[in-house]
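Below, chain A partners chain B and then partners chain C, in two separate complexes.
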Partner chain A sequence: MTQNVGIVIVSHSLKVAEGAADMARQMVGNSVSIAYAGGNAEGGIGTDVASIIAAIETAWSDAGVAILVDLGGAETNSEMAIEMMQEDRRDRVVICNAPIVEGAVMAATEASGGSNLAKVKATAEELMAQ
Partner chain B sequence: MKPESEAMTLDLKASVRLTNEVGLHARPSVKLTQSAKRFRARVEVATAADGPWVDAKSPVKIMRVKALKGETLHFRASGTDASQALDALVDLVQRKFGEE
Partner chain C sequence: MRPATQHALIAAMATTIIAHADELTALDQAIGDGDHGLNMRRGFEAVLSDVDALAGQPLRDALMNLGTILIMKVGGASGPLYGTLFMTLAKELPAEPTVTEAATALDKAITAVQARGKSEPGQKTMLDVLIPVQQVLARGGSDLLRRLPLVAEEAAQATVPMHAIRGRASFLGARSVGHMDPGARSSAVLVAAACSALEGACL
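On to the complex of A and B.
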């Protein structure tokens, strides 16, 4: 049995990250591992590389991890988190260019069907196409 | 033509009325795509018998269908397990997506 792709949500707000994770989890139950990181190290609005790395490790799957982000810093800090990971894991983590809440739900849904990382990313990003 | 390839090109159809309160809302859409993904067959959905058809395995596309209670969902499927896929999807809709 192969593992499903994991999902990580990275927001400037812990509440947004937690809420988006709750929504995705309500859709797919426990079939997909979902983790989130939100807020800076001081607990304010922002993002924190260490907590993003921790979230990726929590959601880790050998099939890879898809990250959903909100604004600029969430993306750059997620990129930094990926850079700091073990070399053999880096290419199995992708950042999706998709709206954070809807993207998380769609990515989790796609992952729950056993799709690979590229397909999970593509489904989240399909939201951007009209 | 071999029987296998004949089965591959056969387009099976089924239709079922949406009777659950919220229609094809977010959660029902997710359940429909998850159910469709369990089969190898290509499965498509439409709200009219002549289309337009959308991929039943795409959560983004299915959520955009926005079908309401009382509307009829049309399915068409092709592939070796097309008939099982249609049975499963019709059953899911008839069971109101297990939500009520």
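On to the complex of A and C.
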């Protein structure tokens, strides 16, 4: 298990989530844990709290996990997933206000250098300021 | 609450959402991503399949479990929003609530939904039905179980001219005007079903 911040990608589409994860992984290889959740429980377009919790656990690092989301429901369901996690982990999971693909690549790249969670989040969010 | 009443209440809410699923989807197709009816039906079908167990639990546990089912099964933003509504009601309602206690609990639940959705009244959402319903409940008086569905229905209609600020409908900007908000409609049918079940139980 790496001690770099982990990255989770949450999209309404499994293909978008998987593709964004592939792009991030191309930058950082195995130096950062990257996991994704996409689609509802039936495999359609949507987001699913259970699969978001599972992705956070897969990407888990004691340094924390940064989540990238696409649209509203992905953010709301990710917030719900964080609240449903065990208490000592909740504070170490953040949702980045950043575009999902670019944000994932930027966040993963920042994480691969060993930056802390706040720095990873801030780097992804710089994209919103441009 | 008596198990029979609780059973009727939960079954009525689930059944009405399932019955209105196509209508909710049609409303959502007009101004959103068209999944509200499908998502809500998925959630409330799961609730309905658990209704016998939920009916036998203390009110607090039943509402908490109902909320959790919606969060886990709905698969859209409405899951956490309705889940938060029911879970906050679970925490705030005493076992045998008076009208005043119900109004106070609903007020807290609305505040929680508002925080979850980062929304305000007047933004063409479920809040635009829940808030007027809570206000009438808080004023009390006679015949509430007959009046509240009318208040909810009228409030849902009042979302038609509103301009969406939150959710997918906000992407349409001014084009969201002229359509009823699907979340307002699902809240209105839930209020109507709950009142009708409770009215049946009181007779």
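Points to keep in mind about this one:
Quick note on the criterion: the second predicted complex is superposed on the first by the 128 of 130 C-alpha atoms of A that agree within 3 Å, B and C clash if a C-alpha of one lies under 4 Å from a C-alpha of the other, contacts with A are read in each partner's own complex, and residues count from 1 in each chain.
One rule holds in what follows: a residue touches a chain if its C-beta (ideal position, glycine included) is under 8 Å from a C-beta of that chain, and two chains touch if they have at least 3 such contacts.
Model, not experiment: these values are computed from the prediction.
After superposition on chain A, the partners chain B and chain C are seen to fit next to each other with no clash. With both structures placed on the common chain, the touch criterion links A:Gly46 to chain C but leaves chain B unconnected.
Applying the stated contact rule after C-alpha superposition, one finds that A:Thr123 touches chain B and leaves chain C untouched.
Seen from the CA centre of chain A, chain B and chain C lie at an angle of 150° in the overlaid model, rounded to the nearest 10. Between chain B and chain C, it is C that contacts the larger number of residues in chain A.
Once chain A of one complex is fitted onto chain A of the other, the partner contacts of A:Met80 are limited to chain C, with no touch recorded for chain B.
Of the two partner chains placed by superposition, only chain C is touched by A:Gly72; chain B is not. Remark: least CA distance from chain B to chain C after fitting both complexes onto chain A is 27 Å.
Those residues of chain C whose C-beta lies close enough to touch chain A in the complex are 33, 35, 38-39, 42, 71-73, 75-77, 79-81, 83, 116-117, 166-168. On the side of chain B, the complex with chain A involves touching residues 26-27, 30, 33-34, 37-38, 57-61.
Interface of chain A with chain C (complex): residues 40-42, 44-50, 71-73, 76-77, 79-80, 84.
Looking at the complex, you find that chain A touches chain B at residues 26-28, 105-106, 109-110, 112-115, 123, 126-127.
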